[in-house]
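The structures come next, written out as structure tokens.
First chain A sits with chain B, and in the next complex the same chain sits with chain C.
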Partner chain A sequence: MAGIVSPGFFGRRRDASPRLPPGQYLVRDFPVLSAGPTPRVNLDTWEFRIATETGEKRTWDWPAFQALPADDVTVDLHCVTKWSKLATSWRGVSVDTLLDGIETDAEYALVHAFGGYTTNLPLADLRGGKAWVAYGYDGADLTPEHGGPARLLVPHLYLWKSAKWVRGIDLRRTDERGFWEQLGYHNYGDPWLEQRYSAD
Partner chain B sequence: MARAAVLRGLSWRVATVVGVRDETAAGRTIVFELPGWPGHAAGQHVDVRLTAPDGYSTQRSYSIASAPGGDLVELTVERLPDGEVSPYLTQVLSVGDQIELRGPIGGWFVWDDASPDPVLLIAGGSGVVPLAAMVRARFAVGSSAPFRLLYSVRDPASLLFGAELDHYQRTDLSFGVHLAFTRTAPADVPRPVGRIDAAFLTDATAGGPFSAPDAPAVFACGPTGFVEAVANLVVAAGHEARRIKTERFGPSGSQR
Partner chain C sequence: MSVPLDGNAIAGALGELFAVDVSVARLECGGCGMEGVVAEVVVYIDAPGVVARCRACDNVLFRLVRAPDRAWLDLRGVAYLRLRTTST
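So, the complex of A and B:
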């Protein structure tokens, strides 16, 4: 549709950046959006699990996870509610590291979180240095409201794909929609294509 | 869980302003006419897109304040001093003007108007807007679901929909409002100024099916810090996390 023009609206323009996807605005703070209460996850019982389509499982407890080689990455975040935050610093384990040596023909992943949240994405989007299970933010432990002790970080997709309080990834032959994907949000969620809602 | 229908195509619509009402010094309700509006569920929001004469455009999300029904949709917008969009919506946009809008959006933070379950609503500031839509929907459909609204607000002048909420609770014993004034309280309110805490929650949920054993549907909306705090209080009071739906806005305050 040709845009309706609002005379008298100027806008702030401070957001002009080639790193800002369409329809997004910049924030300096770090908003929190969660569908329910923040789960309190005990590190003594924390476990991260990858399960393949054949039922093979690999698990890590917190000390084992901390012992994995970690990356320090600086990435831009884009939330479907329209805020973007540039150059955020994270520490976490690449999903490539977690998948190393796992035999799978799966094309899809269903991510599970403590508290029951789920999200789905193609497995290829978790490979190739594009995704991490992050436990550090801005030089400190990741706080619970931002997904601590550990969250998925998939910065090239809208942030709802970066499941907070992540507990595992199921590798699947078929795609199964996650929490927001079942509620009408886009199945893939590429911010550069502005794939916010299912029909976008 | 009840899930609203998956969204159909959400194309941008032209919305025409057919009314404005100042609610408080910073809050204004804007009534839009949207021909062919598919209807919404109480608690859902819309995306608004503003385009400047030179083509610059920006989008924001706003909760719907009105009950479902017809082609009219009301948004109640609170002006943020440093906002890019809210000053325009609350100070410039006038009757007869048009903007672009799409929705309804969000199938989680919604009240099912067919459910008889008790409902506990907890609002912080302008977070009352989607909860007011639920209250209005309850009265619009004639639901007898017990409702209780706990509403935290800075001072009496910042109270949104005060007279309407008061009218509802005077006409229906199964709807009640408990106000927490955080800075200045009216002279006739005996309770001291303060935030919603465990004692307030206990008092305000007494005398009705709003305690943990009653398993009410809980909706909490407001600034991030407020929702974090009250959601934790409700969990600590024994409510199951799966019964608690939250909507947060604004900065977290805890991290840059």
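So, the complex of A and C:
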């Protein structure tokens, strides 16, 4: 029964929460993964942009983004480097809200971040209450090392899809691979199917 | 905070792929043209893969992803890599 034995008693290999995908272990801290220097993004010039496949663009500056209706969500995070962190609390704008009223036939999304990072996913995975642009973590502003001022949050996929320092989403008719998807990592990245690496 | 390392941090991983000591190889950044040796690049290892960047311009020089049975090496950010070989 859960709770009798303290987590960690058996070491990382015996973690057995039903919320833990295969091959993952639980952490209580929040590891910082980074592929480059942490961008220091000025809120006075911050802008979030959605561009459609026809070239239509919608942008928000920081005050406009803060004025959008926000959700408080508690989600589990699964990193492809095998740690999982359960029940993390975020505040952010649902991508459904950002896409509301945007006309598109796009099936794919390419997410861009300050600093040059990119990641791709099907647009359907950003819809339906499954993805947010988050600016609050654990009751406070999201810190730069965890992706602040704002990051994408797509908790049902491995965490590399949840781009830190997000600055925009391109809606595309064709799929284009992002920073890690170009280089061996799985194009979709479902942690429950252990989709870590590409098949070829 | 993750603190970036220098190119010596990837000598072992690259040594597994190359039969020569890559840390002393010369390279030119494809972004800004700066020349240096692999040991001097800025390396981020706290990521799904290893990312090496130019010390002058932050351009991604190379990326290395290691799966249990495969490795991917991307060198598109490097203009050239000059490796020392035995005399022929």
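The rule is simple: the second predicted complex is superposed on the first by the 185 of 200 C-alpha atoms of A that agree within 3 Å, B and C clash if a C-alpha of one lies under 4 Å from a C-alpha of the other, contacts with A are read in each partner's own complex, and residues count from 1 in each chain.
Going forward, a contact is a pair of C-beta atoms (placed from the backbone, for glycine too) under 8 Å apart; a residue touches a chain by one contact, two chains touch by 3 or more.
On a predicted model such as this, the values are computed, not experimentally measured, just so you know.
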A:145 contacts which: chain B (first), chain C (second), both, neither? both
State whether A:82 touches chain B only (first), chain C only (second), both chains, or neither. first
Touching partner for A:182 - first (chain B), second (chain C), both, neither: both
Looking only at contacts as defined up top, I'd like to know whether chain B or chain C touches more of chain A. B
Contact-wise, after the overlay, does A:30 reach chain B, chain C, both or neither (first, second, both, neither)? first
I'd like to know which partner A:193 touches here: chain B for first, chain C for second, both or neither. neither
In the overlay, answer first, second, both or neither for which of chain B and chain C A:137 touches. first
Once the shared chain is lined up, is A:160 touching chain B (first), chain C (second), both, or neither of them? second
Set of chain A residues, in rising order, touched by both chain B and chain C: 31-37, 81, 116, 145, 180, 182-184, 197
Contact residues on chain B for chain A in the complex? 3-4, 6-12, 14, 47, 49-53, 55-61, 84, 88, 92-93, 97-100, 105-109, 224, 228, 231-232, 234-235, 241-242, 244-256
Chain A residues within the chain B interface of the complex: 1, 3-13, 15, 23, 25, 27-39, 81-82, 115-116, 137-138, 143, 145-146, 179-180, 182-184, 197-200
Looking at the complex, which residues from chain A come into contact with chain C? 31-37, 80-81, 116, 145, 160, 180, 182-185, 196-197
Complex contact set, residues of chain C against chain A: 1-2, 4, 44, 46-49, 51, 53, 58, 60, 63, 65, 67, 70-72, 74
